[in-house]
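Common to both upcoming complexes is subunit A, partnered first by subunit B, then by subunit C.
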Partner chain A sequence: MKRLRLAVTYLILAVASFLSVFPLYWMIAASTNNSTDVLAGKLTFSTNLLANVTKLFAQQDVGRAFANSVFYSVILCALSLAVCSIAGYGFEIFHDKIKDCLMSVLLLAMMVPFAATLIPLFRMFTAVGLQSTWLAYVLPTLSTPFLIMLFRQSARSFPTEIVDAARIDGLNEFVIFVRVFVPTMKSTYAAATTVTFMNAWNSYLWPKVIMMSDKSQTMPMLVANLSSGFSIDYGVLMLGVLICSLPTGILFLILQKNFANGVVGAVKG
Partner chain B sequence: MAKPTASLHKKQSMIGWAFLMPATLLIVAMNFIPMLQALILSFQSGIGNNLNWSGISNYIRLAGDSTFRTALINNFVYLIIQVPIMLILAIILAVLLNSKDLKLKGLWRTAIFLPCCTALVSYSIIFKTLFAYDGYINTILLNLGLLHERVNWLGNTSTAKIILILALIWRWTGYNMVFFLAGLQNIDESLYEAAKIDGAGPVKRFFTITMPLLRPTLLLTTIMSINGTLQLFDESVNLTAGGPANSTLTMSHYIYKAMFEYNPQFGYAAAMSYVIFILVAVLSFIQMKVGDKR
Partner chain C sequence: MMKKKIAAAALSAVMAVSLAACGSGAQTSAPVASGDQSGNAAASDGSNTLTVWCWDAFNIDAMKKAAEIYNREHPEVTIDIQETLAKDIRTLVQTYAVGGELDALPDIFLMDDQVIAKYIQNYPEVFADLTDSGIDFSQFASSKVANSVSNGKNYGVPYDSNTVVAAYRTDYLEQAGYTVEDLTDITWDRFIEIGKDIKAKTGMPMLTNVQGEPDLLNMILQSAGISVFDENGNIALTENEGLKEAAKVYLTLVKEGILQEQTDWSGYQGSINNGTVVGTINGSWICATIMSTDQQEQSGNWAVTDMPKLNDYTGATNYSAQGGSTWAISSSSKNYDLAVDFMKTTWAGSTEFYDSILQDLGAISTWLPAADSDAYNQTSDFFGGKAIYAQIVSYGKKIPVVNKGLYWAEEKEAMGIALAKVLEGSADLDSAIAEAQATVEFNIGQ
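== the complex of A and B ==
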């Protein structure tokens, strides 16, 4: 009975894993094939990768789009983590009634759908001429209640004696945050990095609206353009999709252990 | 002695404010103020930035807009069909992954979570290509003899919806599973031992121990999923372009169209966005109430 149950478990997990991984495998295989073979259903790797790379880079400014995406996402991620972690720490360590109340108000922002703020944000940024700049990409999603809450939760588990001891040593509050809190909260920072970077990189609706110049195009925008043409080269298209998925995929594989731990922290709260 | 501590407290409180101010101001400027502006905008009409007060005319127009109704219904179809299937799958997978004598846990978990690494645009395009008329799925089904002729999956109103739902389930099940796994790991193993001694079978243990203790996680994932489903955009744009005949068009996609594809009608688009906001708020509120009570 027990053995049967375990066998069924393995079977279900194998099917689920296969279904999850197959489209990704197919994408990678397709990026090494020519368009005809992709459509014919070829599932093995081929030698057309270099030809696809040449074609893709000739058709589109992939280098610039990739560099843009990296630049915007890294800045957004770094600033977001800095601003939200210090806020989360502040909300917890210096908490009083007014600050707790403010925190619950900020949490309401989680319910605001992006479509609702899209129009005023668009008008706001174009009115001051910030369209197509990194500031426009970064500012709307820089501070999120989710991240603040995550760091507030982790500050809660941070022993106050350490803070008090550091104060007696004469360290000022900012130094305590940077030198004592940040280094001990590595796994929370790793989880936050994973989520924030993925959201920043994958962001599509807002960049589609505000990054109007060709120079400011991002990877998701480029890939979307590739797929909307009339005669689509599927090998080239899948290569574009693959390049667009690489950074988030690699980041996740590196940080996945921390990600799971960080989520545990968030769920506990 | 009272005075210095009081001033120390005050000083610390001020430092606290300095710490949380940048994040707070940004949320106010990027969420709350735009929310208010959208509300004001929804009572104005005109083309582009040429706006006049028009009372509730946008909302009246909305009530008679059949495309908006279609988009609203589409969103709810996704919500009602996709969210439960996805969450049930996520719970089942999490419970299986949590079994004690399972080997290769990390491998299974990574494989099932992997779809979440793809950009929303990317996976939309992968599914679009897989299910294209001359795409892989048709080819393989023909070769296996399961189909007699190619099916126009994305060109048919009902199958296009199904493909979009399948794509969503593929992309998000692993993501939700990670939350359930985290929730399961917080449950004390001794509870199960005690239940076993009392003679409770695995099914009974699942419904009397696992499910009640997973309720906070379930609440969190449900709210996130409802929120996400009501805001669907990338998939509608890139997988099906809203078609055929608006059968997969979502509310966010329609708002985008009203803003940028037709004559820019900011007021009308703002009124639509408020409908989404109210729906999200009401549904989250109901969820929290229901989640609290039980």
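== the complex of A and C ==
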């Protein structure tokens, strides 16, 4: 009976992992095929990779788009983690009724779709002349309710006795945060890094609107350009998608274990 | 322990890469990092640079050719072409107009004909009035110019032809005992008969279309001069006999398996490029898609003819229009005179230019003097050695002009849903059309 149950579990897991991995496999296989073969649903590898690479680099400035994406995503990710972890820590360790209430308001803000704030945000940024700067790219999504909530939930499992002990030892609040809290929250930081980096990397609408120069083009915009028009080269498109998804994929693989712990920890909290 | 070390090494590698990237990123984005100058990064600053937004290699390459020709006389002028998607151009025009940031728009941008009228109406401050610019609009096909005219003023320079062609695989037709002549100047009733026969003999559907985007329905409507808007621009789907007639044809095509609906554009392009359908009916720009196949054996086995007409409906013809786009000049352009001169000498004044984009890209102009050129009589090996461009130009002259209204895109979406409902059996045609009418009215706030 136990064996049967195990077999069923493995079967379900096998199907689920096949469903998750298959699109990735197809993306890689398709990037080595020509357009007509991709459209015909060919699933095996072929010899067209080099031709696709040549075409892609001839059509688009991949180097610049990639460098831009990395630049903006890394800055956004680093600043966002710093700001949101301090906020999450503060909301939990120094919590009182007013701060709890404020937190609920923050969570409500998650409900507002970005399209609704696009034009007001745009007017704000152009009014102060920040358009087409990295600050404009970064600021609107620097602090997200989701990240603050993630850090706050993690901070719940953090024993306040340690904070008290550190205070008695004469550490100031900021040092306690940096030296005591941050090192114990590695898995939360890993989870937050994965989510933030992915969001920053995939961000499309806001950068398109506020970064008014062609020179600020990012990878998602490049992929969008490849998929426009009436005669799309799907081999080249899949190669573009592959290059675009590599960084988030690699980052996830590196932080995978911590990511799972971080998310579970937050939920448990 | 080992794992920890690996993770640490990997993390430091990521850090190193990202730091390096910071450096290079800062370098590449240096021109945009400085506040004010970058604010006007898109629109040129009064120098000799014209910034252009357009999408797709088809349009970009045509613009590059225009720049090349213009540069011969004006080597000091730079045409900076920035690839921007059609839907992004719409979003940006809207955002910059509402945000009062018109300076961020380029000097020249392309807009698809389906929406340009609506944008001119809603954001007139964006578009420069070209009526007295010296560009001779009488030299363009009138059905095309009409898309960018508002209150008697011209706001756009027409670009590519949207004349509808019916393109078929002659080898497949032959297998079933037909020629392309059998499909020329026929009615939809006759087309359905032939389609059933070919389907029975070859197992292949005659046509392909993207599900939920019934472009074919709109092509049938225009071919018979049927408008879905009344004189006041209000949506008029219900009690529209022509629409009902056209919808019935569409539904029969799908039900009989003569028209195969695809889930998206990739399915559509795939069915043509992989030879799983006999043909397609679309704007003449579809010829570029047809020729983009990697299957060598398709070359020489395609033919182009006119589309079927709406049976005995009064005013029915075999000619229609679909797609196409128009160039606009920003009212905020600091190089307005230069932009106008550029458009006037190339897009509205150079036969050589149109000959060359016809030969290289298959782009068919709506600038009438270009059609007299010898280039249009050249034959295409891919299309069985026929002079298809001359053929398409001759169709273009016979397209009925209809009142397309401002909300063409909204109508298309609602009718797509209506047809899908009828096909899945959850509504009858009359109630589905009534629902579409209500949807469009709600969406456009009538």
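The rule is short, and it goes like this: the second predicted complex is superposed on the first by the 246 of 269 C-alpha atoms of A that agree within 3 Å, B and C clash if a C-alpha of one lies under 4 Å from a C-alpha of the other, contacts with A are read in each partner's own complex, and residues count from 1 in each chain.
Definition applied: contacts are C-beta pairs under 8 Å (C-beta built on N, C-alpha and C of every residue); 3 or more make two chains touch, one makes a residue touch a chain.
Please read these numbers as outputs of a predicted model, since none were measured by experiment.
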item: Subunit C versus subunit B on the shared subunit A, clash or fit after superposition; value: clash
item: Touched partner set for A:Ser216, first subunit B, second subunit C, both or neither; value: second
item: Which of subunit B and subunit C A:Leu205 touches, first, second, both or neither; value: both
item: Subunit B versus subunit C as contact partner of A:Leu130, first or second or both or neither; value: second
item: Contacts of A:Ile176 with subunit B and subunit C, given as first, second, both or neither; value: neither
item: Partner chain in contact with A:Ile93 - subunit B first, subunit C second, else both or neither; value: first
item: Which of subunit B and subunit C A:Ile75 touches, first, second, both or neither; value: second
item: Partner chain(s) touched by A:Ala116 [first = subunit B, second = subunit C, both, neither]; value: first
item: Partner chain(s) touched by A:Gly249 [first = subunit B, second = subunit C, both, neither]; value: first
item: Touch count on subunit A, higher of subunit B and subunit C; value: B
item: Touching partner for A:Val138 - first (subunit B), second (subunit C), both, neither; value: neither
item: Common interface positions of subunit A, toward subunit B and toward subunit C; value: 39-40, 118-119, 122-123, 205, 208-209, 224, 234
item: Residues of subunit A that touch subunit C when the two form their complex; value: 34-37, 39-40, 59, 64, 67-68, 70-72, 74-75, 118-119, 122-123, 126, 129-134, 205, 208-209, 211-216, 224-225, 228-234, 251, 254
item: Contact footprint of subunit A on subunit C as seen in their complex; value: 7, 10-11, 14, 17-18, 21-22, 24-26, 28-29, 31-33, 35-36, 38-39, 41-42, 55-58, 80, 82-83, 85-86, 88, 91-92, 95, 98-101, 104, 265-266, 269-270, 273-274, 285-286, 288-289, 291-295
item: Contact footprint of subunit A on subunit B as seen in their complex; value: 12-13, 15-24, 26-27, 30-35, 37-38, 41, 49, 89, 92-93, 96-97, 99, 101-102, 107-123, 125-130, 132, 134-136, 139-140, 143, 170, 173-174, 178-179, 181-183, 185-186, 202, 216-217, 220, 227, 230-231, 233-234, 237-238, 251-252, 255-256, 259-260, 266, 269-270, 272-274, 276-277, 280-281, 284
item: List of subunit A residues in touch with subunit B within their complex; value: 5-6, 9-10, 12-13, 16-17, 19-21, 23-24, 26-27, 30, 38-41, 83-84, 86-87, 89-91, 93-96, 99, 102, 106, 109-124, 139-145, 148, 173-174, 177, 198, 201-202, 204-205, 208-209, 219-221, 223-224, 226-227, 234, 237-238, 241, 244-245, 248-249, 252-253, 256, 259-260, 263-264, 266-268
